[in-house]
Every structure is written in structure tokens, then in C-alpha cells.
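Letters A, B, C and D name the chains as they come in the text, with residue numbers starting at 1 for each one.
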Amino acid sequence: MPARIKVGVIGLGRMGNVHARLLATQIAGASLYAVAESDEQARTRAAAEMSIERIFADPFDLLALPELEAVIVTTPTSTHAELVIAAAHAGKAIFCEKPLALTIEENRTVLAAVARAGVALQVGFMRRFDAGYQRAKQLIAGGSIGYPVTFKSISRDPFCPPRNYLDPAKSGGLILDMSIHDFDLSRWLVGSEVERVTAEGTTLVCHDLASVGDIDNALVNMRFASGALGNVEASRNAFYGYDIRTEVLGSEGAVMIGAHRHTPVVLFTRTGAQHDVMPYLMERFGDAYRGQLQHFIDCLQQGQAPSPDGQEALAALKIGIAATRAYQSGQPVMLSDLEEASL
Amino acid sequence: MPARIKVGVIGLGRMGNVHARLLATQIAGASLYAVAESDEQARTRAAAEMSIERIFADPFDLLALPELEAVIVTTPTSTHAELVIAAAHAGKAIFCEKPLALTIEENRTVLAAVARAGVALQVGFMRRFDAGYQRAKQLIAGGSIGYPVTFKSISRDPFCPPRNYLDPAKSGGLILDMSIHDFDLSRWLVGSEVERVTAEGTTLVCHDLASVGDIDNALVNMRFASGALGNVEASRNAFYGYDIRTEVLGSEGAVMIGAHRHTPVVLFTRTGAQHDVMPYLMERFGDAYRGQLQHFIDCLQQGQAPSPDGQEALAALKIGIAATRAYQSGQPVMLSDLEEASL
Amino acid sequence: MPARIKVGVIGLGRMGNVHARLLATQIAGASLYAVAESDEQARTRAAAEMSIERIFADPFDLLALPELEAVIVTTPTSTHAELVIAAAHAGKAIFCEKPLALTIEENRTVLAAVARAGVALQVGFMRRFDAGYQRAKQLIAGGSIGYPVTFKSISRDPFCPPRNYLDPAKSGGLILDMSIHDFDLSRWLVGSEVERVTAEGTTLVCHDLASVGDIDNALVNMRFASGALGNVEASRNAFYGYDIRTEVLGSEGAVMIGAHRHTPVVLFTRTGAQHDVMPYLMERFGDAYRGQLQHFIDCLQQGQAPSPDGQEALAALKIGIAATRAYQSGQPVMLSDLEEASL
Amino acid sequence: MPARIKVGVIGLGRMGNVHARLLATQIAGASLYAVAESDEQARTRAAAEMSIERIFADPFDLLALPELEAVIVTTPTSTHAELVIAAAHAGKAIFCEKPLALTIEENRTVLAAVARAGVALQVGFMRRFDAGYQRAKQLIAGGSIGYPVTFKSISRDPFCPPRNYLDPAKSGGLILDMSIHDFDLSRWLVGSEVERVTAEGTTLVCHDLASVGDIDNALVNMRFASGALGNVEASRNAFYGYDIRTEVLGSEGAVMIGAHRHTPVVLFTRTGAQHDVMPYLMERFGDAYRGQLQHFIDCLQQGQAPSPDGQEALAALKIGIAATRAYQSGQPVMLSDLEEASL
């Protein structure tokens, strides 16, 4: 059995905690070696709950550990680029939460640094590791639905974002923040690149978002190079539950991924039948989070390049930026124009 | 196009109305030629709503019409035998609601009269004509589940029977009245005869039933000649809706028939997801009622024997009587013992 | 009981036959009094199967019957306007299949003629009469989902249209032909008018359509006056079955309408679970067709204006024309611009 | 934070491995301190995969560790009694896989030893810790379905047992081995004790079972003291998947627990819709296994008695023995007679 890979987690917010606990307990071939977190309370809590010896306030102290082989970056999006570049310089393999960056330029700078350092980089599009999406990919790749014709995807969160999360300069705004998962899935499942997008957005429920210039609902129409079409919906106000659905209609069939029920119970009374709904992220994608981290470690153990990588992050980011501009301008946006503009 | 078969309906209760309206509107190759109904109000209502010229108070007046070719008997169960025998003597083809009779002896007397007269007889096991049950039969016959191993069936009514329906001497009691459909399905789908039954019954909800010596819930265990096993449940208190389900587990797979949803709508709110439930008989089996009547007419038009016939009614009745005795005695009942007792 | 309304059916194609048979058998308060059909074979078949006395080759002969009170127009779309106008001149109440016309001008001409004649006009948006859509309307109107935020609708046909149906000059093209139902539903369920549309279209499967300048798949994005958003999908290539789904996400919940299963049977084998899918139109909307015709007759019997009327047809048509132009131009189309252009 | 409880696992078969890995990774407040396993290969594998320092061949060596506070017994059923008694003598808290024993006498002997030692004992009825069954219990306890009237439960395994598992003297035979979970659930959900059982059994598919005197399918009918009825099915031949379903029909509604789908994907093709089925135990009850072990540790940490305990194991065992005798004799068995016989 090969030695366990020593992994450090930078950032112990909600997702950082998820990754740290997975590493500590469920990921084979890796060990949670160190964490870095600027918030003192969060550090104290981690020390109490996870028995980690090396807890740093400054991520650069963590990166300075020579024996550390890999890092997981789960800090706020605006800090991703700087930390990934520093980790690359330090020669660490990198797993970074999505999105890698909020601008094309920044994403390219990161990719260049990673390429120069020759380190592995995986980006956190965990849906690709969900058993449902994996099965869908398999079915499509195996020809079960012919060739893809229409891609539809819905991502609905069960609550308006908390106030401290509202700044679209930090989150990228609704479309970049939420739909980037769907944009990544669209390329992966359709097997073609998006060429043109149009978008509509509105703010009808989460009124705090309006005050910071963000929206709570969006619908993005897409055209792929293959001639396939797509539509992606994002919503902040599915108060009934976490509703994530994707379907691909092909020339010979269709595949639909999505689950509304959480626990396998239905109550029947005089007023009809009732069941619960998927509450949130970890209930739906807990296994996918584990799967993507295991994939990252397995690739490192076997000397293979993990996926999805920084190029895939860039491709999804471009769709997200184009869709955001399309919403803002009310006009179609060609991804090729975006390309030129950013050079 | 052959001439329409002239059909008379005897009894205009709930089921008689269903059959009469089907004949008047949706059954090809037949015409609603006459009705007989002892209740004056019911006759007046039928005259107003269905534009039938020949409406009799006495069923024997209807049977005396020489041009009438077929009759549908939907009177109370206790009168079935006498009317079917009279119709056979009059040379009419006969469709009779289930059960044909409440005792084996009576069922045999009816079969003898029908055989002597050489008339067609079909009994109203309409579930056999439901698209779901037909598909299940097809799948089983085609070997999709291997050979049958376990038969399970549930029949739940959404309300306690009305007071005027309570007399078990007239209905045969819960097991005969409700489960006879499941007993018929069991023979048809398993393809083997029931040899032994045990049963438990209780009266916990519809307390009026206790006062007349009937029960509101029963569970019947069955052993088939093939070695297959079965369980049939009847309940009067599924106040959430009409719940009819059957499944057959085979040596290579299983087939499950059943539908809880009625309209194709789901409401999602903060308290979860809700949908409606099948309300009652006609919503679930409306098409099957039409199908069985069309089958009866088609057979008459083509000179073929309709099915299920009186022998099948007898076979289901035997299981029902055995199960009722098993419940009453708390002991297993062999159907072969029943056979001897009744000779 | 009031006298039955004498109804004539003009056009005995697929839908004409549906309406004629419904009138002959299942619609209370009406009688199938006459039919008109230019095709001789179709007339012969109708005579054989439906026992109608008055069968005309020329619809104007039918309209000339003074005792005829209402007509159902189910001829090809390009003839709707002329026949509805003639029926209005003849003083008949009119039920016309959708769409009433293929241009705004023509639709307006028809409405003017109908208004002058003071006759009733109902247009065939039968989905409004489906139990599922009716329940959804009720739930939304009752506040169960708060106010509407996003409207999504999918209409997928299970086969490419036959060659004789291909001319988009006659059908209006994919978006007008198929999505007009969804556009009508969008206004009805959202309770607000569409202000702007964008659209993508493609021809990837039904290659015959490309040769006549039509498409086989389209995605239309919509913005409503209320700020709500919408997306409507049309596809000709859902070879797995007839797939009609609609959902409305509101500020407090969501309602989803749609049914994939047809018969209530699931087969479980070593390769998984399998069930059938809704085959086509009549299996899904047979009851809605009956319901809309009964509504038309009930309104005539009670002297009320039937709905949806010609104004509703015009409103749905406008969205369809705008969406078609948006697809053709690749640009957003404001419905207000359309308005001006057509004056 | 209290010190972690040192736990030893006795037996590293399939279930032992599950428990050991859970302890090593996912159970808060406990540590995997030692294991005992007679098979050398299994010990070597455990050493390689789990980094446990104390690995014994003899369970009594493990029990001799004075600092060990709790043990998990997952050896073959026939050794449970001896090991639990030894663990009790050694003063360890005990979690034992179901069943605790295969005879009433043995179960009582174990309970007496545990009581004398005053140690905690929990028995592995993990379904009680499944989110679905917990929700059902809650709904029933909260009155959502009125009072229980009928209990139905199905347990179907996806393959015939392997040859080395065939001896019914070791497993207790089909009914005891599989249905004991359902018997435990029946008491827990109905809230009443079983008084009488009848049973049918057959061997139609797993022919190896016949050669050792066991059966592959059984149906057990039950009567509860409250007057409620029950039916429990066990099958070895659900080759389509692991099929575990329970429902309770009450006086005011019903609750149904069960899940056929595994991954949230449906494939639609010209032949219909297809989806996968729950493969086996860990996919369905992985979380429940974790939950029951966490409950055991939490109770130890908080000084509370864990549940279900040995009395509950005895109650379920009695139903299982009565049902086995009922099957063997073809006669109803009263649980009160069983009681006397065993004294």
C-alpha cells in the first residue's frame, strides 16, 4: 500500500469543513495533514472536533510545509487565484473549489502558473462525480439516446443567500455563482462547445439581492457548435427544497437526472399524499463530494492528471460570463466575441 | 358492418348506470335497447337522461322481448342467480356483475342452466380488462419474470360501506365482496389453482360492520398447486383514496401494477410535496369497464365464447368461501375439502 | 332538460373525427347533426362508422342548414379564417381548432367578423381542460405557490411530422404549431402578458423539415410584464413518447404538471425497472378534449361566453409570431414592436 | 469533549468490516481500539487497510483488554450467545448483530447474564435508524394515520444465499434470518404485540436451500393484541434488486416506506423508460448502520440505555420462532403457547 498523501485544507468555511472531514475519515490514500483558517473561532472549533495537529492562521505558513503534497482551496472565490498560484509555486497538487476565478484573464493567469509549475489541478465540479450524472454520461457516451439535441438544466436553491454572501463582486452574481455547474455539465454531457447565449434575469423574491445589483432568477438559452440547443435555469427561491435536475434529449431518446424525494416515505391522508423533498446540498451531493476528492487522490497516487481541470473551469467560466453579459445587455452574446475581447 | 346487438340492462343502480351509459355511447356493435329497474325514481331519471324507449319495472317483461339478444345483470348479488337462469331460459347472452352467486351450489345451478341453454355468459371481473393488468398478464405469459413465485394483491376502498349495504348475507361479507377480484386475478396471473388458505380478519374502523357480523380488514394467505404463495388484503378504511395494487414476484423478475396518483400534478411547498390519490372505482377502472363490455359484444358479434366465464366465477368464489371460512374458524382450509362438502 | 344543440363538424381529419365521435357519444346537451368533408373516402368511412344522416362535401352546404346552431372547425389551419368568418355570417356558434389564424391581421379580421355577428367563439386550447392543468390553475389562483416567478413548459411529439404536414406556410412552423399551447398556458398560469422573447431553433433529426425551411427543436425564452420569466421547449423527436410538462415556480412554492407513465405497470428484471411512456395525444388529453367540448356546449346552453375565446387566441398567436421572428433573426423581439408592425 | 470510547470489533466478516470502518472513520466519540478475527487472511487484510494496532485471533484475548470499554459482536449467529455472555462478564458494553440467539432459552440466558453484569446491550435492528423508518415512526406516533390497522412488510434479497451460508441450524432458516427485521418493525410501528401467526413457505428458485431443509419464500400472517393484522414476506429471489418495503394502514391514513430507484436517472427510449433498482444492503441502509452505531456510542457517552435492547430482540425472536413453527406445521401458532413450551 502506498504512503498516504499529506493534504492541507485552506479555508474552513462550510465547504472547507466538508473536505477536511472527508479527508480525515473517508478518503483512502490521503491524510488530513494541516489546515489554515483566518478566523480564530473556526480554528478552535476545528481543533476540538477534528484532532488536527497543524492548524495555521496564515495559508502561506501551511504552503511552506515542505512535506505537504497537496492542498484543497476552499476560501472565498475572490482569493482562489492568489492561493492557487502560490500553491503551484510551492509545488503542491491543487484541488480548488469552483469557480477557479471570476474573470477570464485571472483564470488564464492561474492556468499559466499551474502549467509552469507542472502541478496537478482539479476544480470542484462535484456533480460530475454524482452516481446519477455519471450514469447519464455513460448512457450518452454509449449511444443510448443517439446524439444530443437539447440540454436542459435547473439549479434551485432553497433559500435566499445570507447577507454576507450578497456581494456579486465576490460571488460573480447569480448566473456565475449557481449556473456554472450547469454550464460545466452542458459541455460534458453534450460533447460540444457553447457558441451563443441569451439570458433573462429578474429579482422578484430575494429583495436584498436587488439592492446589491444581483438577481434571484435567470434563464439562459444556449446554442452549441453541434447545432444542439440548451437552457439553464437558476433560482434562489425554491423554498420547498434543493432542486437540481438535468436532462438531455437526443436523437433516439432522453436521459433525465433528478430526485425530488429525500427519505423513502410517503404519507397518505384524506388530503392526499405527501412526501419530503431533498433539503440541500450535502443530502443530494454528499457522495459526489467524497467521489471527487477520492478521484483527486487516486490520480495523485497513480501519477495521472485529475479532471475536470483548469481548462474545463475556463470553458465553464466563459459561458457564465457570456450569459451574465447577455442578461445585462438584453442581447445575444457570441462566445467567440468574448474570446477576442479578453485577449 | 353487422347489425348492432340489442342489449337490455337489468338494474339501474350505480353499476347498472355505468353499463347503460357505456352501451348508449361508447360500445361499438351494440345498442342500449331496454332497461328494467324496480325503483320508480331511478326509472324516471333514466328516461330523462338516457333517451331509452323501453323502460320496464319488471325484469321479466324485459326478458320477454323476443328481439332482445343480450342482457346485463347488475341487480343486487342475491338476485343474480334467478335472473341469470331466467335470461338463459329466454335464450339471451348474459353479462353478469360479480359475483355470479354467493354459494357454490347456486353457482353450479346457474352454470348448468347456462350450459343447457347454450347461451354466452361473461362475469364482471373488469380488472382483467385494465391496460395495466393486461400488460402484466402479457409480460408474465411472455416469460419476462420467469415463473410466478409470490402473488400479492391489495384492495382498499376509500370509505366504510353505506348502511344499506351492510348485510353480509347480501354482500357475502368483506372477503367475498372485495377480494373476489384479487382471487380471480391470482388464478389468472399465477396460472395455478389455490389449494389452501388461511385468513385473519378484524373490525377496527367501520364499527357498523361489527354490528352485522362483518369485518373491515382481512389478510388471506394462499398456497397454489404450483407451490407458489399468495397474500390478498382487503380494507374498507383507506380514507386517503382507492388503492388497488397487485404484484407478482417470479423466478426472474417481478411485475407491479398500481397507481396512487390521479391527476398529473405535484405541489411543492415549504412543507414538502403533495399530490392527489386515485379517488375511486371509475377513475381507476373506467376504461376497464368499457373494455370488458366491448369484449362481450365483440365475442357475440364474432360467435366466440366471452371470458371470464361462469367456471372462472366459480373458481374465484371457491377461494372466497374458503378464505371466509378460514377467517371464521381461525384454521387453514383446503379447497379440496370445500369441494367435497359441497357435493 | 333543454333541447340538444345541433352541431356540425367541418373537416373529418384526425381531430375532426375526435370531435365528431365525442359529440355523437359523450357530450351532454348536443347532437352530431351534420358533417362536411371534402375527401370522399373520409365521407364514406364516416357514414359507415358514425350513422350521421347529413354528410356534405362542401362546408358551405353545411353552414346553409338553418337549424344548425353550432359548428366545429377542424380543417387545415390555412382555411380556419375563411370558414370561421362564414360560420359567423351564418350566425352559428363556433368552436375552432387552434390556431385561429396564422397572422395577426387574419386573426383580427376573424375577431371583427365574430364580434359583428355576435356569435360565440371558442378556440381549441384543450390543455386548459385537463384535470392536471385545471388543478394547477386552481392552486396558483389560490395562492399555494405565492406569485409566479418562472414558467417552464415542454412539448415533445413522438415522431417527425408526416410529409404532407411539412409545409410551414400551412402549419406556421414548429414554434407556432406546437408551442402555441404552451404560450396560451403561460399567460393563463402566470397571469401576466409576455413582453419580450428570444429563441433558438435547430434541425438535427427530422431532416425533411430542413428541406422546407422548418426546424425540429426550439427553445424560447420569455419575459413577462410582471417581471416573471419563462422558457418554452418544442421538439419533434421525443421518440420515446408524448412528453408534455409544465411547471410554475412561485415565490412560495412550485407546481409541476406532467406524466411520463401510461399504464400503471412496472417490470423489474435483472437489468433494472422498466415502464411505458405516454404514447400520444389522446392518451394524455382525451379527457381534456371531451372537457373543452362539454364546456362549449354548456356555455351555449346557458347563454354564457365560452373561453378561451378569440382574444386569447390572438394573444397566444402574438407570442408565437414574436418567437418565430426571434428565432429567425437571432435577436430579441418585443411584443410591443410586433403590435406596431402589424397595424 | 469527552474521551473517545475504546471499542473492539469481534468478527471481521462482511458486517464486521462495515462496523469497524464506521468506527474508524464516521462515529463521533468512539475509536476502533482492537479487532478479533479467527481467519488469518481477514486479519492480514484488516491490518493493511485499517491501521489498527491490536488485532487478535482469539476474541477472549480482546475481551481481556482492561481498557476496552465496548465490543461489537458480528460473528456467526451461533456464537453470539457465548460471546455476549463473555463480554458481559468482562464488563464491556455490547452491540450485537441480530439475532442475539436462535432459541428463546438461549436469548433468556444471555439477557440474564447481561442483567447480572449491568452492562449496556444493543441489538442490530438497523432499520429503526433509517431516515425513512424513523420518519414513519414519528408520523404514526404523532397520530398522522390514526391508530394502526394493518402492517405489511416485504424483505427481498437479490440473490440466493451462498453455499457456506445455507445451514438453517446456523441461520435459523429463512423466516428467522430475514423476517426478524420485519417482526421487530411490526412491534415498533404497530405498538402492540403479536398474538398469533400462520405461515406459508415454499422452495421454488434457490434449489440448494431445499437440500438443507430451508425455503426461499415465505408469507407470514399475524394478529396483534390490539386487533391489528399483519403480513410479512421474505424472499431470496428478487434478482432485480434489494427490495425492502413496509407500510402501515391506519384508521385515518397510511404511511409507506420503500425505495426502488437507486441513482436518480431515468433513460427514455423507443422501448419505454428504464431506471436502476437498489442493489443491496449498504446502498439502502448504509446511513442506518452508521446511525445505529452512533446511537450506541451516544448512549454510552451519556450513560443511557441503548435501544433496541435484548428484550426487544427476544420479542422479535419469539415471532420468528412462532412463524417458523407455523410454516412447519401448517397450523396457526399462538405466541402464548410458545411461551409456555419454552418455560
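One rule holds for everything that comes next: contacts are C-beta pairs under 8 Å (C-beta built on N, C-alpha and C of every residue); 3 or more make two chains touch, one makes a residue touch a chain.
These figures come from a predicted structure and were not determined experimentally.
Using the mean of the Cα atoms as each chain's centre, the chain most removed from chain D is C.
Pairs A-C and A-B differ in how many C-beta pairs touch across them, and the larger number is found at A-C. Between chain A and chain C the centroid-to-centroid distance comes to 41 Å (mean Cα coordinates, whole Å).
With each centre defined as the average position of its C-alpha atoms, the distance from chain A to chain B rounds to 57 Å. Shared contact sites, meaning residues of chain C that touch two or more other chains, fall at 238-240, 243, 252-254, 261, 266, 268-270, 276. Every residue of chain D that touches chain B in the complex is listed here, in rising order: 147, 149-150, 152, 154, 156, 196, 198-205, 216-219, 221-223, 227-231, 233, 235, 237-240, 243, 249, 251-254, 330-332.
Interface of chain D with chain A (complex): residues 1, 24-26, 48-49, 131-132, 135-136, 139, 144-145, 252-259, 261-270, 276. Here chain B touches chain A in the complex through residues 238-241, 243, 260-261, 266, 268-277, going by the rule given at the top.
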